[in-house]
Structure formats: C-alpha cells, structure tokens
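After this come two complexes, each holding subunit A, first together with subunit B and then together with subunit C.
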Partner chain A sequence: MAMTRNEQLLKVQEIFRDVLDQPGLCITEKFSTADCPEWDSVATVQIVLATEAAFEVRIPMETVAGLRQVSELLDLLP
Partner chain B sequence: MTEIAGEPFFARALERARACRATGDLPGAWRELRCGLDAPLDYPKIVAAARFLENTAQTIPPEGWPVRLVALIGADTLTFLRPVVRALAFRDGWWPDFYEAPFGVWRQEILEKNSALRKFQPEITLVLRGWRSVGSADFDPQRWLADEQALARCASDGLGVVIWPACDLPSESGPLSVAVTEINGQLKAGLPPGMLWADLAAAQSSLGAAWQDERLWKSVRQHPSPAGSVAVVEIWLALLRARWGKMRKVLVTDLDNVLWGGVVGEDGVDGVRVGPGTPVGPAHLAYQEYLLELKKEGVLLAVCSKNNEADVVEVFARRNFPLQRADFTGWLVNWQDKAENLRALAAKLKLGLDSFVFVDDQPAERARVRQALPEVAVPELPDNPAQYVSCLRERRFFDTLNLTDEDRGRAAAYHAREQADQLQSGTSSIEDFLCSLEMVADYGKFDEKTLDRVEQLLARTNQWNLTTRRHTRVEIVALISQPGVLTQWFRLRDRFGDHGLVALWIVRPLDNDEWEIDSWVMSCRVIGRGLEDLMFNALIDAAKRAGAKRLHGVFRPTAKNSLVAGLLPNLGFSEVKTHSIESEQAFILELSTVSPRNHFIQTQLP
Partner chain C sequence: MPPRAAITAIHHCVPARRLTEAELETRFGARHVQSIAKLSGIRERRIVEPGMTAADLAFAAAERLLTGRGIPRESIDLLVVTTQTGDYQIPGTAFVLHERLGLSPACAVYDLNQGCAAYPYALALAQGLFATGVAQRALILNTDALSGIIHPQDRTLVTLHGDGAVATLLEAAQGDEGLLGFHFGTDSSGWRYLCIPASGARQPRTEQTRQQITDETGNVRTAEHFQMNGQAVFHFAIHKVPEVAREALARFGVTVADLDLVILHQANRFMIEQIYKKLDVPPEKQFFYLEDIGNLSGASSPAVLSEAVRQGRVRPGALILLAAFGVGLSWGLTLIRIGPQGLAPIAASIELPSDS
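And then the complex of A and B:
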C-alpha cells in the first residue's frame, strides 16, 4: 500500500531532524532553505541520499542543485 | 551478546551526546561524540558529527582546544570536505577555523599578494584538485605541469603548512591517466621543500569505483565521491599528525580472536586458528602480517591479554606463526585491568599514552580503556576479523613523513634498552651501571646524510626537549647556512645495541660574544644515560671555539617536557628574572666559569 503524502512528509521530517541535528524540528511542505540557515548544499545532498535510502528510490541528481523546499522533494517521491 | 560495531555504535554515541547537550553538559557531549568517532565511519556519520559540533559549539571550540586557521582551496567544490575536516580534526583533538576559497579562483588566491586567502594567514593550507578539472579537451601535460609547479612554489610562502595533492587518476585508463601518473611523479620530485605531498593512489585504488560519483559531480561538482573525500581527509590529517610529531607509535593487541581465531584457554594450543583451513584463519593471518609490516616501519608491538601466560608462551613456541614472541616489545599477559597494564607499559617504554593504539575485540575492554585513558586511540573493531586490517589502515595511525633507518631499528633499540633496564636492577650504583653499559658516542655537524633524522627528531621529540621548536627542513637548512650557527647530532651505542642518531643541539649567535641554545633534544630511548653531560661538554667546547663568552638558554614548558625543567640550572646556568616572555624561563651561563661534566660515555670522532 502506497504511503500518503502526509506519511511521506513525516518520514522526511525524521531525515531532516537527523541531518540538521535538530531533534525537535517540525517541517511543513513550505519549509525551505530560507527558514533554516543550516540547510546548506551539504545538507541538501545528505537529505537526498538519505531520502533515496529510506524510500528505495533514485532521485535525479540534476534536481538537487535547485532543491530549496520540502514540497519539491516530496514531488520527486512515488 | 556482542555489541555491533559501526552504525548502532555511532548512532548511540550521538544519541548520548545529544542528551548531554540537552542538559548543558558540554564536556559530556564532546566525550560521547569522540567515542562515536571511534566507529568505522562513512560520510553520513561524519557529516552528522560535524553538524552536531557546529550546532553545539557555534564558533566557540571546546574549551582549551587548540584552534588552527585552515584554508581549503582547490579547483572543485570543497564545501563537502569541510565537515569531514571538522569532525576528524575533532577526533584528533583540535578545532579548525576555516577559510574556503570561492569556487573557481584558487589559482588567483594563491598567486595574488592581497587575496583573501593571504589575508587570512592560514596555519594550514589544504589543496585539492582532481583529474576532472584538468582533463579538458585542450589538455597539455607540459603546460599543466609548469603551471602546477609555479603555483606550488608560490604557495610554499606564507600559507603555513601546505599539503599539495597528487592528481587522482581518471576512471578510464588512456592517454590522460598516463600523463597524470607521469606528472604526479615530476610534481612530487620537484615539490618545494617543506611542503607535504598527499599521495592519493592507494586510497583511490582501494575504493575502486566508489572513488568517484558521477551523479554528484554532474549536479553539485563534488569530486571525489563522499567516500573518496573521507579518504582524502584521513590522508591530510595523518600528514599533519606526522608533521606535529603526533603519530601513534605503539600498537597494543589482544590475543584471543584477534591475533588468532578462537580462545586458547578453551580451544587449546593446537586449536587456535591462523592461516588457511578454517573460515577465520586467513583473517588472523592477514592481521599478523599487517603487524609485522608495522614493526618493519618502526612501530612498537605489545601484547595485552587476559590469559594464562604459560598457554600463550606455548602457542608462540609450538605454532608456526609469522609473528614471534620476540616481535613484541611489550608483553602484558595477566588477569589485571588492561588500563593499568597500559599505564605501566607507557611508563616502561617512556612513551606517552597518546602514542598508543589499543586493539581488542571485547567491547567492554575497549570501553574501559576509553574511559580510563582517553589519550589512547581505541578503534571500534568490526565484528568480522576479515575487516580488522582495513579498519586499522583507514585510520592511518602510524603514518610518518618519510621512513628513516632509525624507524626500522627502533624496536631493536627498545629491546636493547629493556636488557639495559634489567641490568640496572642487578647492579648497585648508578655509576657502576652506566659504566657497565660500555657506551660509545660519535657526533658531527648536521649534513645532507643526517638531515632526515634531524628533522624527524625535532618534529617528534616531546619529552626531552628544551624549547620544542619544530623547525621544518627549510628552516634547518636556512639555519645551517647562517654564519656562526653551531649544530651537532649525536649517535649512541652500547653493549646491547646501536641506538642510532638520538640527540642534537642547535646553538646560534645573538651578537658579538653572546650565543643562544635554539634547540636541545634527546630521544626518550636514551634518557638517563648521561648523554646530556657529554652533549653539554661538546656544546661548551664548540661555543668557546666560536668565540662565545656567555651562553643563553630558555626553557619553554609544554605539557610533556617537565623532564628538562631543571636541566639548565643543574648545568650551572643562572636564571634571568627580567625575561620578557612570560611563558618561558630564561637562563645565562658565563663560559669562563664552566668546567666539563663527568659522564660514562666514550667518544669516537667520525
């Protein structure tokens, strides 16, 4: 059974908490690099790699450089 | 149940570190995170550690830690390397303050006098460029070589300790990879003196295809891959440790399920497994061969094992292993606390615990040593013995700048000293003992042949070191060529063996008839022999012949050199109370009042 978008968001939230070292972090679809100075290019790559592992998907890396917001990441998930 | 190394070990340590941070216990947080970094690491773990460090410390490092200005420059994106340097430098006990050159301008940054890089005045400059940035269509090997050589020359001035990298090899062999190999050879050979060379070939070939990541190169210009970046930083940090004399010197190994498969107390002398014929045998054979290789490079080996000693002695006597009992400089086979054993061994070898690596398959023993002796490196061993060697190799504990004959002879010299120590307990007075050693010394000025060892002694000696001035090779060469500067190395042998070139001093003129001891260093393997008395006589002699009337000396205290705090007063120097540098003690000696010191060493002039 496929995950709902909200379930995906919660799973991505775990990844963000872990990568950004912010255990209490709550994210929405609108959460973006502007909301979080720690979300830099290193973090983006880490988030994408962790997302690939958690969802068993392959994300086209061309999109990585432009990734700025959580919704853009969710759009890439099946 | 055995604790699993790696992932859960790191994750749990990070969890504990976060818990400490949440309660404001920063020392606890640093301790737990450092423990986590003993696990076999991959890029995500390292970045998580770095993120934790930056979030927790902001810009303030853990209290009391040395801060060093580090410039990261290169052709490709280095942003991904920075967290790796942050986390692994933390593991090594220091805190980098970074400068990162903007993308694409590394040449200008080096060449321009007023660049941001030069204004930063780095203490350490780490350079990286990969084949991807040189392998363009108009690639001209000769032009590239000339360009790199000019850059390296320019970088050798004013950028602190510079590490210049070999160029990595393209993923496919062809004319480019032939040219790169050729140019690496020429670059390394023509490297400006004092610059360190990062050889990437072994790391690249052991990672294979994982060295690069096509997707990350195309999207964010990261090259090498995350795994490759970790390997590069391990090489950088090993070079810096060697440059600072902080490399490890002793490997202490457990026996059961480490040096051999099985438990001798249960499986019996003939039941422990090494070599072909059993599933685990080859892994333990490989481990023994790795230890032998280390020993040839001058690393001291020691056993620390909870066993009946008679069993162990019998295993070594009856089983035909590559490692023999005589290969071990330290032998601690008993049922006592391993931390206490290590402490005793350090005292006996007269080496700091910070030069020890402790290899044990029991998580509890590792935890005990980590807790009691934080200076000892305690790698979290993988469960599978087949991974022991690669786990230890990746940490590069024992890398040195270049191998000298003294390295190769060190184990022999320590063995000789142990026999000498035993002799000491059997003779009545210290004079009788020193006499019975039949010591012979020879000495001479620094020259081409001794420069490697001189540089190494200055870089490595921590305890018997009056000023702890870590002169680079360039500085030494410059010193020698100055008029009036006196240098002397000393070699010592006794009836148990040749200790090699073990001590030196450098004395330079201040003005007219005043001279100053710049450096005075002695290897810890010959402490307590009275060699300093012979050195002092030679020093006075040389200074007088050069026209000196007064000799100045300073003691610069460090965490390790309290051994020589009283040296100058004991030799008749009087303290100068008006000395302007607070961290130093200054002394002066009227040469007309000096008489030669007694010692028990014959001299032999070359």
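And then the complex of A and C:
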C-alpha cells in the first residue's frame, strides 16, 4: 500500500535528523534551507541520496539543482 | 591494424604555495570548512601566486618530462593543450606553449577547452592522429588554475579546488600496450551547472556583472566568476559515472577483475568512494590523490595516474580504467595498457616555486 504524504514526511524527517545531526528536529513541508543554516549543498546531496535509497526513486538532476524546501522532495515520491 | 598511441612518460606539477585548512577557517569559519572537508577529504590545496598561470605549470611539467627523458624537441609532432584558464582568449595556450617549449614548426597544435573530462578526450584526439599517421610522438598538456576564476569568498569552490598541470608523452605502441579504447558521452541539459556566466559573447562583461552576489548559504561571487551547482553536479556524477563505466567495461570486453587500477577524476573523496562502491572496485585497485592538492579540474585524472606512477602503483603491463567527468556535463573513459617496460617516474620535483 502506498504511503500517505504524512508518512512520507515522517520518513524524510528521519533522514533530515540523521544528515543534519539534529535528533530532535521536526520538519514540515515548508521547512527550507532558510530555516536551517546547516542545510547547505553538502547536506542536500546527502539528503537526496538517502531519500533515493529509502524510497527507491531517482530524483531528477534539475530538481536536485534547485532543491530548497521539503515539499519539493515530497512531490517526487511515489 | 592502424598505429596506436601508448603512454611512455608522465609528470605533474603543482604550485609551491599551499592554501591550508587553518587559512580557510580564518576566512570562512571553522564549521563551514570542516563540513566541506569531511565530505571532500581535501585538507590542503596548491594555488598559483599572482603572475603565475596554468601555462607556467604546464611548461614546467613539460620541461621536466622532456629533459628527464632526453626527448629532442624537434621529435614532437603533436602538441595538445587542454585548459579552461588559458593565458589569452586568442590565441589558444597551445601556441604559446609551442613557442616556449621550442617545438618544431612541423608540430601540429590543438587547444581544447574541455573541463574535467579533458584527459581522455585529449588522448582520443592524439590516438586518432597516430592512427592516420600524422603523429608519432605527442605531448599532451592538461592544465588548469581555477583559483584565478573562483571568487575568494566562494567557500565551496575555494575549499575544493587546487591548481596543477600534467605532461603526458605518447609514442607509437610496440606491442599490445597503449590506448585500447574510449567511451564518451554528454548530458548537455546540465551545462549551466558549471559555468562562468559573463565570460564570452552571450553575456559581455559590464559594471553590473562585476557586482558581488551573496547566495543564501553565504557564498560570494560575481557573474564573472566560476559557478557550480554542487548538488546537481554531485548527483549527476554519483549516478552517471558508475552507469557509463559499466557500459565502457562491456564495450572494452573487460571486467573490474581484469583491471589493476581504476582511476577517477578527483572531485571529492565521498563521491569517489561512492563510485568505487557502486562498481565493486576493491581497495587495492583504488587510488586517491586529492587530500594535499584538491581537485585540479582538467588536470585531475592524469595527475592521479602520474602520482600512482611516482608511488610505484603502476606495474609493467598494468591495465587501467580511467574515468573523468564534469563540465558540459560530460564524461570520458579510456582503457590503458602500460608497456612491458613500465613507466618510470621522472626524477624531478612536482613543485613549481613562486619565483619561477
């Protein structure tokens, strides 16, 4: 059964906590690079790779290039 | 069978000036520098002092190789220079170096602006000219000094890149050694991700292009500086390089088990490790050369080969897969068989002092 968007958000949240090394981090769909100085290009790469592995998807390069907000990631998940 | 080119000597050269971690932490703050270093594996870079250019590095590498091997200048019948940081827009740097090196009027000269994948492209060009009988002894010079086109406050690019040059001598293969195959490709949908926007006819330089812009992560640059969308390029490389490496191996009819060494463009350590892992390359066939010098762009992959030779990691008869990728976005792979006599290191320094 396909995951709901909220379930996907919770799974992505685990990835963000791990990559950004912030175990208590709570994210919403609107969470963005502007909210978190640690979310830089290096973190973006790690988040994208972990998301691709967790959801078995390939995120397009142009999306990766402009990725700034959690919702942009969720929009691509199955 | 048409004549084939073989690598018979190689030597690299980096500036003596070191850009250290401590210096960068003062400039950018420890947290940012450490964050990038953790991923990149780069602790120090070599950069040119004002007045020194990529052509100077290439000249030094070439001089040391030709002198070290006792190669007569008039015997070089092909010079290929690859650089993105030439001395002039016109003419190409190859012409400048042809004069400085005292090469023959009968020597053909090519200048390639090919980015990080330059080495296999230059080797393939030379191979074609060996096959057609034009060349019998070629000098390939891969050189870049990106420090001059990176804004000093662009912490991502400054921390990753160093300057350097590599000279490679190609001669006609005598046996089964040489450049055995090539595999190339391009994803031009990503050309904007490695670019200097105001650097040519499309966007002429003006007062406006000299204005400094600070992005949301604090990197500073102008439209006249080199720009990289690191997350896009990184993503491209991690997915595309293993895919095309598998294609190349199938095309060449070999497997990783047949190879002695797999050489990759040294963009950053995490990326290289991911690619090695995806290709199941065991540690003894891996080679890293970026911790003390940084990413040398178009000079990176031949510098790895040159350093592997210096460290005795290239045995006579070795079979090597070399993969380079970057600007374009492009990729190039080549399969190299070293000759039975091996590749002896050039007995010369790899440093170019600042007062040279």
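Simple rule for what comes next: the second predicted complex is superposed on the first by the 78 of 78 C-alpha atoms of A that agree within 3 Å, B and C clash if a C-alpha of one lies under 4 Å from a C-alpha of the other, contacts with A are read in each partner's own complex, and residues count from 1 in each chain.
Going forward, a residue touches a chain if its C-beta (ideal position, glycine included) is under 8 Å from a C-beta of that chain, and two chains touch if they have at least 3 such contacts.
Every value quoted in this text rests on a predicted model; they were computed, and no experiment measured them.
Student: Answer with first, second, both or neither: which of subunit B and subunit C does A:Ala50 touch in the superposed model?
Tutor: A:Ala50 sits against subunit B, while subunit C stays out of touch.
Student: If you stack the two complexes on chain A, which partner ends up touching A:Val64: first (subunit B), second (subunit C), both, or neither?
Tutor: Both partners.
Student: Which partner does A:Thr33 contact after superposing on A: first (subunit B), second (subunit C), both, neither?
Tutor: The answer is second: A:Thr33 touches subunit C but not subunit B.
Student: Once the shared chain is lined up, is A:Ser41 touching subunit B (first), subunit C (second), both, or neither of them?
Tutor: It touches subunit B and subunit C both.
Student: Does the superposition put A:Leu20 against subunit B (first), subunit C (second), both, or neither?
Tutor: After superposition on chain A, A:Leu20 lies in contact with subunit B alone.
Student: Same subunit A residues contacting subunit B and subunit C, which ones?
Tutor: 38, 40-42, 45-46, 49, 61-62, 64-65.
Student: Applying the document's contact rule, which stretches of subunit A touch subunit C when the two form their complex?
Tutor: 33-34, 37-38, 40-42, 44-46, 48-49, 58-59, 61-62, 64-65, 67-68
Student: Help me check something: in the complex, which residues belonging to subunit B touch subunit A?
Tutor: Per the touch definition, subunit B meets subunit A at residues 18, 44, 47-48, 51-52, 54-55, 77, 79-80, 82-83, 215-216, 218-220, 222, 226.
Student: Mind pulling up the subunit C residues that touch subunit A in the complex?
Tutor: Listed in rising order, the residues of subunit C that touch subunit A are 32, 35-36, 39, 156, 187, 189-190, 193, 216-217, 229-232, 234-236, 238-239, 274.
Student: Tell me, which parts of subunit A touch subunit B in their complex?
Tutor: 18-23, 38, 40-43, 45-46, 49-50, 61-65
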